[in-house]
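Some notes on the structure that comes next.
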Amino acid sequence: MKVGFIGLGRMGEAIATRILGGGHDLVVYNRTRSKADALEKAGAKVAESIGAAAAGRDVVFTMLADDVALKFVAESGLIDNLPKGAIHVPMGTHSVTAITEIEAMHKAAGQVLVGCPVLGRPDAAAAGQLGLVPAGPPEAVASLAPIWEVVGRAVFNAGTNPAGAAAVKLANNMVLGCAIEAMGEGFALTRKFGVDPVVFNQVLTEGLFSAPSYKAYGGIISTEAYDQVGFTVKLGLKDANLMLAAGQAANVPLPSCNVYRDRLLGAIAHGEGDLDWAVIARDQARASGLE
Amino acid sequence: MKVGFIGLGRMGEAIATRILGGGHDLVVYNRTRSKADALEKAGAKVAESIGAAAAGRDVVFTMLADDVALKFVAESGLIDNLPKGAIHVPMGTHSVTAITEIEAMHKAAGQVLVGCPVLGRPDAAAAGQLGLVPAGPPEAVASLAPIWEVVGRAVFNAGTNPAGAAAVKLANNMVLGCAIEAMGEGFALTRKFGVDPVVFNQVLTEGLFSAPSYKAYGGIISTEAYDQVGFTVKLGLKDANLMLAAGQAANVPLPSCNVYRDRLLGAIAHGEGDLDWAVIARDQARASGLE
Amino acid sequence: MKVGFIGLGRMGEAIATRILGGGHDLVVYNRTRSKADALEKAGAKVAESIGAAAAGRDVVFTMLADDVALKFVAESGLIDNLPKGAIHVPMGTHSVTAITEIEAMHKAAGQVLVGCPVLGRPDAAAAGQLGLVPAGPPEAVASLAPIWEVVGRAVFNAGTNPAGAAAVKLANNMVLGCAIEAMGEGFALTRKFGVDPVVFNQVLTEGLFSAPSYKAYGGIISTEAYDQVGFTVKLGLKDANLMLAAGQAANVPLPSCNVYRDRLLGAIAHGEGDLDWAVIARDQARASGLE
Amino acid sequence: MKVGFIGLGRMGEAIATRILGGGHDLVVYNRTRSKADALEKAGAKVAESIGAAAAGRDVVFTMLADDVALKFVAESGLIDNLPKGAIHVPMGTHSVTAITEIEAMHKAAGQVLVGCPVLGRPDAAAAGQLGLVPAGPPEAVASLAPIWEVVGRAVFNAGTNPAGAAAVKLANNMVLGCAIEAMGEGFALTRKFGVDPVVFNQVLTEGLFSAPSYKAYGGIISTEAYDQVGFTVKLGLKDANLMLAAGQAANVPLPSCNVYRDRLLGAIAHGEGDLDWAVIARDQARASGLE
């Protein structure tokens, strides 16, 4: 397919590289051009503008940091240059309202938006092992199969409403945030009775919760390794706000998410906003008089 | 060892059978005597009273439904007949305060209490694959190694305070309850955007949450199979109250647990108290205007 | 009327004195007899046992510290000696389940229970200015009018279920606890923007919240006068547990009450359990990084 | 003083009329010019543009519906035309971040911003009985005394940071929202025990909570008069989001506010978004299985 790719951070570059490796005709664009060098060497064309990365393409993927960047790209050449009938696939974590707004703009321009956030880290992306969560018009989603093949390990079809794909990504992250909060409560409770956090972590992760998420975060919490930062509290808060905004857009109260978000705020209030987000377990400990 | 075992429900019987199979000298007692028949056939002696199941034993295990039963057994022959220096091991899910009270009663009688709740279902017990969470005086815990060997797959040493073992069991269950609540929030949110619950369940359980707990409860929630009851809402509420009581005993606020408990109450308020506790996801859906 | 009165703390003594002053035939009982001296001088008979305070009476009032004391009194002579058709009126703050249990015991003995918690402090009681919240069989409630007249400023009829009266008292206290928590949130928020707490207190109490409760607690919070103790955090927690137990008995989730209770726990966890319960505002401030 | 006034809704018109009546030189502007007719008749000049209402003025008041309108006005002539050293006083309910942003824009233009949200309804405004909450540079606040005199019954000085005034207004509203939620919990609890809501309302409002706010909302809840709309659920949600945004700006977790906001969402989810916001008590009742 004739593919455009905008946004070459670690994740974007890894995905774009997979697409190129799959034999597709790839034009890439990044605000900082130098980040496109490796892909250029590998055979991709490098566009000098957003518009040039969209013109004549069957599909343009965007992997952008937030809604502001996504709207900027949409309004700064993407919509004006994407051919009628072509597809825009935002892959970042975005609010449901941003997706819905941009979907409408594409529709008005005779184009199609397929939401497709991804599950997994850059190393999974590089290995073509991402989880893909597409949602949009069925024919458009189906037409992207050649891309899914080279990028993902699994495709989770989230329906015909692109906002649904955004909601799945946010809800998945929310379940994780709430799990970390609940672990924090469990660690605080057991510590008060003299239980070694490493032991409680073993109980959790060798039993009911023998999943990657619990192992990773139980390990961090039980050893208080909050300075080995995978994802900061501040980014967690940005995400939590997207979750609550999705809840508001759909009229869904999210009480556990509120609890989780309050811990993020508490951590920031205590100067821990740049530590790993698992430090919310310390905020719970603090609330329990343990620190 | 000379072992007594009191409380032959499905779990108790399975554990007692393992102990007997391990070559130990076993006396059992159950309020309804007929439940001891199979063990008697297999070679266990059956005591006609609580006291007779305790007299002359090195250790007596109890597997009882709740604190009331545990206190009744302790005060109705167990403490009066257990030899000095012998050990009582309550294996049920009990409040931290009950464990601490009964520990003090044993201490006053020159006996020892080792808390040891278990992780796993009756089928795991029958296979000797339980997780064991002992806590108490180190020599007493160590002396029970011959029992752990035939009963468990793993021993998680929860320290020297028997209440700590109770706290671990409760905290483990709490993390599960909170996980179900968070899943419920995620399912409600994604349903509102037209996402098939089965798909959202796949996203959760093939990725970050590929753990037995999420698979079991994600499956129930996504198919609304709440009438296939593993554990009722009402039992969940009983447990949640033990968690909050442990939090109170240790001065630990447990905000996620509060959210979880409120959903249990909401389910009961809507006549769903005897359904599987995963039905709290329906209470979340209802609060979101989905039912 | 022939009246018995059991429990002569500050509140009980004040109410009993009013009843005596109303011309009723009064027999009093208190565990510590000396507390009955003043009433004896004023003309009351002093019973040497619970039973003696109940025998031959038309109505016996109890003003006791908690459910344990109430059950003890009921089972230690009150029910055995109260005449058939006579009335027991518990006036303390009790759980709905205790009231319901004791109601059933009286019913079985051919007696009647009318719940009647009171609103107001001992000085209001001494002045006959209490709010009274009776609930029970209508004729029984009506027959007590001569007592209400000398004891209260207002009678709030809470219906025919005595537990309803207990629920009103608990709910009234709950609304207050939640108000203090909400004020704490408001004070923490405004402090962060440099607003003088005294000024924020003026805004609240000269406007929407010009009520005794807000004035009293806004004053304490804005001046951090937590060591002038009217009601301790620990007593607040005892009460909060009664509220949540009432919620459970009736299947009512009480999310604000949970938040309020968590602050009480947080205060205790930080060694503030014997300060005035308004110190939960400091726990909120602490959670906000202000202390 | 030479005064400009922008935004002549019911509240704005009432305040502007007071200012004119105080003998000040008044120029007004409103998007829909006809709303300025009455003031024009009374002697005010009517500007045809935002800029014309700002040029040459000592102070310009704005009373606008939301942040979007405020930013629009600031950027569409107000900042460009207000003299150096002159004052802009936003009186609406705005986010702390909007106030801080616009304060910075004025500073850059050599102008001053004094935040001054108001407490009270249009009828209080018409009577010059508003509560005023100014915050900003002390000399600027002091210079506005001639205005406060004709507009307000009381001035609550919220400090030198204009965002503090916004926070006071939001926190005051938040305490009210949380009070309504807590009342809702109390009504649901007592209803379950057969207590007449009118009676519970009397208990609340004749005792601890004899304040205008409780009387108004207790009356609405106890009679379920939710269709007599003073302030809608949807507007309440807009406000609640401003509160939580203020909490985020200052790193203050607001757990009661979260509970309150969730009820607003629940009400909207059940089609009650245009009813009076006290209908959150019905959402609480529904969660309790009462509807």
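Remarks
First chain written, first letter: the chains are A, B, C and D, and each begins at residue 1.
The rule is short, and it goes like this: a contact is a pair of C-beta atoms (placed from the backbone, for glycine too) under 8 Å apart; a residue touches a chain by one contact, two chains touch by 3 or more.
Worth saying up front: this structure is predicted, and the values here are computed from it rather than measured.
The set of chains touching chain A and also touching chain D is given as B, C. Where chain B touches chain D, the two copies mostly use the same residue numbers: shared numbers make up over half of all numbers in play. Taking each chain's centre as the mean of its C-alpha atoms, the one that lies farthest from the centre of chain A is C. Among the pairs A-C and A-B, the greater number of C-beta contacts is found at A-B.
As a whole-number value, the distance joining the C-alpha centres of chain A and chain B reads 37 Å. Note: centroid distance chain A to chain C, computed from Cα atoms, is 53 Å. Annotation for chain A: residues touching 2 or more other chains are 247, 251-255, 259, 262, 266, 269, 287-289.
Within the complex formed with chain D, the chain B residues making contact are 255, 262, 266, 269-271, 287-289.
Chain A makes touch with chain B in their complex at residues 96, 119-120, 131, 133, 135, 154, 156-161, 163-164, 166-168, 170-172, 174-176, 178-179, 181-183, 185-190, 192-196, 199-200, 202-204, 206-214, 243, 246-247, 250-257, 259-260, 262, 287-289. Across the interface of their complex, chain B is touched by residues 237, 241, 247-248, 251-255, 258-259, 261-263, 265-266, 268-269 of chain C.
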